[in-house]
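Some structures are shown below for you to check.
Okay, so chain A shows up in both of these, paired with chain B first and chain C after.
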Partner chain A sequence: MANLELLQTLHGHKGIVWNVAWHPLGTIFASCGEDKTIKLWSKEGQEWTIKTVLVDGHQRTIREVAWSPCGNFLASASFDATTAIWDKKSGQFECNATLEGHENEVKSVAWSPSGQLLATCGRDKSVWVWEVAGEDEYECESVLNAHNQDVKKVAWHPSLDILASASYDNTVKMYKEDPVDNDWTCIATLCSHESTVWSLAFDKTGERLVTCSDDRTVKIWKEYKPDNQEGVIITDKESVWKCVCTLSGYHTRCVYDVAWCHQTGLIATACGDDIIRIFKESEDSDPNAPTFELICTKLNSHSQDVNCVAWNPIGNQELLSSSDDGEIRIWKFSD
Partner chain B sequence: MTKIADNVNPHVYEKGSERKTTSAELDEELTDEFDEREIFDLIRNINDPEHPLTLEELRVIEEKNIVVNNKENTVVVNFTPTIPHCSMATLIGLSIRVQLLRALPSRFKVTVVVSEGTHVSEHAVNKQLADKERVAAALENNNLVQIINQCVANV
Partner chain C sequence: MASRFSGALQLTDLDDFITPSQECIKPVTIEKKKTKTGAKIKIGEDGYFDISSGQEQKLQKVEITLADCLACSGCITSAESVLVTRQSQEELLKVFSERKYTDNKGVTKSVSLVVISLSPQPTLSLAARYKLTPEDATKKLAGYFKSLGADLVLDMTVAEDLSLLEVQQEFLERYHNHQNDPTAKHLPMLASSCPGWVCYAEKTHGNFILPYISSTKSPQQIMGSLVKQYLSKSKEVNPSEIYHVTFMPCYDKKLEASREDFYSEILSCHDVDCVITAIELEQMLNNSGKSLSEVASSELDWPWSESDGHPAIRRHLGSGSGGYADHVFSYAAEQLFGESNAPLVYRNLRNPDFREVTLEKDGKEVLKFAIANGFRNIQNLVQKLKRGKSPYHYVEVMACPSGCLNGGAQVRPSTGESSRELVTQLEGLYSQLPLAAAGGGGLVRRLYADWLDGRDSDKARAMLHTRYHAVEKSDIALNIKW
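This part shows the complex of A and B:
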C-alpha cells in the first residue's frame, strides 16, 4: 500500500513557511516565509539541520525561493517588491543583485532551464522576464501584462524557453519569445478553473501541465501541437492547451500547491485542509482523457494549511512540505 | 479632508444581553466546545470603521449568521454591510478575520463572507477575504494594521 512516512519535522522559522525549494542535486534545500529569512538545510548523518540563515535581504515576507539550474544561485521573491539573487562566490552566501521593478508584492520567481532567464510575477498583475546579462547583472527583457488580476505563480517549461503563469483571474497563460522581433508574447490562455489558480507544474516532457486552484480542483492540461493527429484545431500556428482531466471531489479547501515528479510521474498536492495527497496516473490511461488515481491521503500532515510541496529532484521519493504552522516536514513515499 | 461616511445615517439597533455563564462552563473538569455565541462575543464589539458604533449595534454581525463546527474545526461568519455599496466591506471583513485569527486556536479554519445578496461586489469582497496571501500582505501594511487595531481595540 502506498504510504507517506514522516522522516523529520523541521523547526526554525517563526510564523508561516511559504515555500521550500530543493537544490538541483537534492542534498540541500532552501526555505522561506513570514519571518523574512531564508534558511538553507542539509543532512548531517540522518538529520536535516540548518546550515545557513540568510537575513537582511528583504524587508517583508519572503514568498518564494528558487535555485538556478547550475545550483550556484538562489533567487528570493518578497512582498517588499524586490527579488534578490544570492550566491557564494565570496565563500559564503550573500545577496549580490536585487531585481527591482514590480510595484508591490512579488509572489513567485523561476529560472529558465538554461539558467539564462528569470521570470517574476506579482500583485501588480505583471510577469517580468529578466536576462542574465553578466556577473551580478540582470536586465529586464519584457514586462507582460496579459493577466487582469494579481499573478500567483510562474514556472518554466523543463527544456524550452516557454513560460507559464497562474493568476487570481482564474486563468493560466503561456508566453514565448517571438524570434522575429525578440518580443515576448502571450501564446495561450488556459481557461477552466472557477477561482484563483495558485500553482502549476509541467511534467518531465513539458507537454502536459498540472494546475491547482481555490476552486478545490486540480486539472491536467495537454499540449496539442500544430501537427497534432487528434484533429484539434490550431490557430496562429501556436499549440493549443486543453484541459484533459479534472480531479474534483478530493480536496475540501483551496489547493495551494502542486508538484509533478519528473522521475516517478507522481503528483503531490498541498491543501488548505491540512492534507497532502498523492495522485498516480492509471496504467491504461488514455493520453487524450487521462485518469489519475488518488493513491495516498496524509491526513493532518500539518496542523494548519499546507502551502508547498516539492519532490526531491533526484527521484528518491522524498517530499518536502511547508505550512502555516511554521514547520517543514520531510516525507518518504513508498508504493 | 475627512471622508463622509458611505451611510451617513445608519439604523442603530439595541445591544443584546450578556451571555449567562452556566455552571458546566465553570467546571474546570469539563471541556466545553466553541459555540456560535462565543464567536459572536469575540466580534460583537468590533467598531465600525466609519461610526462610533459596534458591528452588533449596526447588525452587521448577528449570532444567527455564524456557524461553528467543532468536529471539522470550521467557523463561518456571514456579515451584512449596512448598505449594498459600502466601500468599507472589505475592511470590516478583514477586521473580523484578524480578530478571530488572534483570538481562536490555530486549528480553526475561519471563513468570513458577506451575507448573500447584501453587497453589490459580494463575490469580489469574498474572494479577497478568502485569499490568505492577500490577507498576509495586508497585515504587513502598517497603516492598514493601525486602522484594524482601532476597530478591534474595544473588543
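This part shows the complex of A and C:
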C-alpha cells in the first residue's frame, strides 16, 4: 500500500511559505516566503534544521528560489521586481548580483541545465532569458511577450536549452533561441487548460510535460518531433506538443504545483484542498494515450493551501511541501 | 488582438487589460445637483441612468483621453482604444470627407489644409509589399493621399536634417559640459527619436535616465513644428485649420504625437494631428479593394520657396533608423579630434542588435558609440548605466529589434517569409535611396536664418527641442496577484 509518511514538520518562516527547492545533491534545501527571508536547511542527525537565513535581499515577498545545477548559486525571485543571485564565494552566502528589468512582481526563476542561462517571469506578462556573462554579470538575452497575462512559472527542459512557461492566460508556451540573431522565439503554444496554469514540470527525457491548473486538472503533454512515427502533422519544423492525458475528478480545488520525479517517474501535486496526491503511470500505459493512477492521497497534509511540492533529486523518495500555514513538511514515499 | 505597440511599451502596462478599472486614477467628476440626498442609478443595457429625479436621465460615460493615460503611472489600457478613435484610418477618412476634426480637448475645428508627411521607413515597407521601386511607391502614396483629399504630400528630409544637426550640436555641448563636470549626467547622450524608448524611460527609470536622453525632437515632431508654425504662415492658414498627418513605421509614434509637450496653447493645436502607419495604410488599400500599384501617381509637393531643392524620400548615412550614431560620431570626430572621415567600423556585441564603434587617437579610445536596438538591449544598456559600467559617449537607442525599418507597424512579412528576410530587403531598399545632402541644403540654411533666428537661438531651442517627464509610480495593493 503506497504511503506518504511524515518525517518532520519544519517551522521557521513567518507567514506563507511559497516555495522550497532542493540543492542538486539533495542534502540541503532552500525555502522562501512572505517573510522576505530565504532559509537554508540541512540535516543534523535525523533532524532537518535551519543552517542559514538570508535576509535583506528583497523588499517584498520572495516567491521562488532555485539552485544552479552546479549547486554554487541560488536565485530568488521576488515581488519587489528583482531576482537576486546568491553565492558563498566569500565563505558565506551573499547576494552578489541582482537582475532588474521586470516591471513588477517576479513570480518564478529557473536555471538552464548548463547553468549558463536563467529564466524569470512575472506579472508584467513577460518571460526573460538571462545569460551568465562573467563573474556576477548577467545580461538580458531576450524579453518574450508571448503571453497576454501574468506568467506564473518557468521551467527548463532537462537537457536542452528549451524553456517552458505557464500563464494566467491558460496556456503554456515554449521557447528556444534563434541562432540568426541570438534572440528567443516562441516555438509552441499548449492550449487545453480552461483556467490559469500554475505550474509545470518536464519528465526526465524532456519529451513529456506535466501541467497543473486552476481548472482542477493535471495534464500530460507529449512532444511529437518533426519525424514522428505517429503521423502528427508538424508545421514550421518545430515539434508539436499534444495533451495526451487529463487527470480530472481528483482535485477539488486549484492545483498549485506539480513535481515529476526524474528517478521514479512519480508525479506529486500540491492542491488548494490541502491534499498532496501522488500519481503513477500504469504499467501497460500507451505512450500516445498514457494512463496514470492515483496511488496516494494525503489528506490534511497541511492545514491550508499546499503551494509547492519537490522530490529529492537523488531519488530517495523524499518529498518536500510548503504551505500557506507557514510550515514546511518533509515526507517519505513508500510503495 | 495583439498589441501593436513596441515591446518596451507592452511591458509598461501600456495596454494592460487585466487591471484597468482598479488602477485608473482618472477622477470621475459627477455634476452634483443640490438638495438631493443621494442619486439612484440604474444600469441599463446601453448605459447608466440617473433615476433619482423620477425620470431616467442618461449619465455621461467617463472619457479617458490619451493624455490622461500618459500622465498616469497605472495602466494605459485605454490608450489603444483612445488612439483608435483619435488617430485611426476611419478618423482620417472622416476628416478628408468632412474637412473638420475634433481635437484632444474635444473642440471641433474646420480643416482648410490637409498635409501628409512621409517618412522613409513605411514608404519602403509598402514598396516591398507591392513590389514597387521606392520612387514609384512614393509617387503612388502621394497619389493615393491626394485622391483621398490631401492638399500637400511632403517628404520629411528637411526635418530629419534639422534633427541630425541639432543632435550633433547637442552632443558637442554635452561633451564639453562633461569635461567640466563629469558627475552631472551629460554623457552618455542617448537618442530621443524613438517614442517607445522615451515612454519606457519616463515610466520605468524616470529621473535616473531622462537627463541622458537628447533633448532634440524627433523628425516627426520637428516636421510638426515646421508645418504648423512655419508652413502655415507661408500658406496663410490658421495653424489649427491644418490637419497634419505623418506616415510612420510604428504605433508608438501616435503616443508621441499626442504628448502635451507637442500641443501649442497659443495655436491651440497639436503639431501632428494623426499618425498613420504602414500596416494601416495597407489595410486602407485592402478595404477599398485596391493595390498600391494601381493607384494613379502624383509628385510630392515642394511648398518651400527654394528652387535648388526638390522633394524625394531620402536616406541618411548610417542605420535605417535615421543614422544618428553615424552622424554624431563623424561630426564629433572632426570637431573634437580633427579626424575627418573617421572610419565607422561597428563591432557586434552579444547579438547583432548591440554594436559599438570607437575612435582611437594615439592608441587611446577617445570616442565610444553604440547602437542598441530592441528591448533586451535597452535593458542591458540601462543596467550598465545603473552599475556605472557604461563606456559610451553616445548610444542610438531604438525599441524595435533592427531599428525603425523593422518598426512595429510595418507591413508584416508575407507567408513563408521570415521577418529577418523582410528587414534585410528593406535595408537593401533603404541603401538605394538618394542620399540627403550632408548638413542639409539651402532650405535648412534658410529655415535657421528666417524661421529659427539662427542656430542656438531661443527660437531654435523652442522649435527643435523638448523635455521629458518622469512618471511617478504608484503601487496599488488591489492589483497584486499571486
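Basically, the second predicted complex is superposed on the first by the 335 of 335 C-alpha atoms of A that agree within 3 Å, B and C clash if a C-alpha of one lies under 4 Å from a C-alpha of the other, contacts with A are read in each partner's own complex, and residues count from 1 in each chain.
Convention: contacts are C-beta pairs under 8 Å (C-beta built on N, C-alpha and C of every residue); 3 or more make two chains touch, one makes a residue touch a chain.
Remember, predicted model here, so these are calculated numbers, not experimental data.
Of the two partner chains, chain B is the only one touched by A:R253; chain C is not. Looking at the shared chain after the overlay, A:C271 reaches neither chain B nor chain C.
Of the two partner chains placed around the shared chain by superposition, neither chain B nor chain C is touched by A:L74.
Contact with neither chain B nor chain C is seen for A:L54 once the two complexes are overlaid on the shared chain.
When the shared chain is aligned, chain C comes close enough to touch A:V143, but chain B does not.
In the superposition on chain A, A:V218 makes contact with neither chain B nor chain C. Once the two complexes are laid over each other on the shared chain, residue contacts for A:S195 go to chain B alone; chain C is not touched. Judged by the touch definition given at the top, the superposed model places A:S303 against chain B, while chain C stays out of reach.
In the superposed model, A:N182 lies in contact with chain C only, and not with chain B. Residues 79, 104-105, 123, 150, 168 of chain A are contacted both by chain B in one complex and by chain C in the other.
Taken together, the chain C residues at the contact with chain A in this complex read 2, 7, 10-13, 16-18, 204, 350-353, 374-377, 379-380, 382-383, 386, 401, 420, 475, 480-481. Chain A makes touch with chain C in their complex at residues 79, 100-101, 103-105, 123-126, 131, 133, 139-143, 145, 148-150, 168, 180-183.
Those residues of chain B that touch chain A in the shared complex are 106-107, 109, 127, 130-134, 136-137, 140. On the chain A side of its complex with chain B, the touching residues are 16, 34, 60-61, 63, 79, 104-105, 107, 123, 150, 152, 168, 195-196, 214, 253-254, 272-273, 303-305, 324-325.
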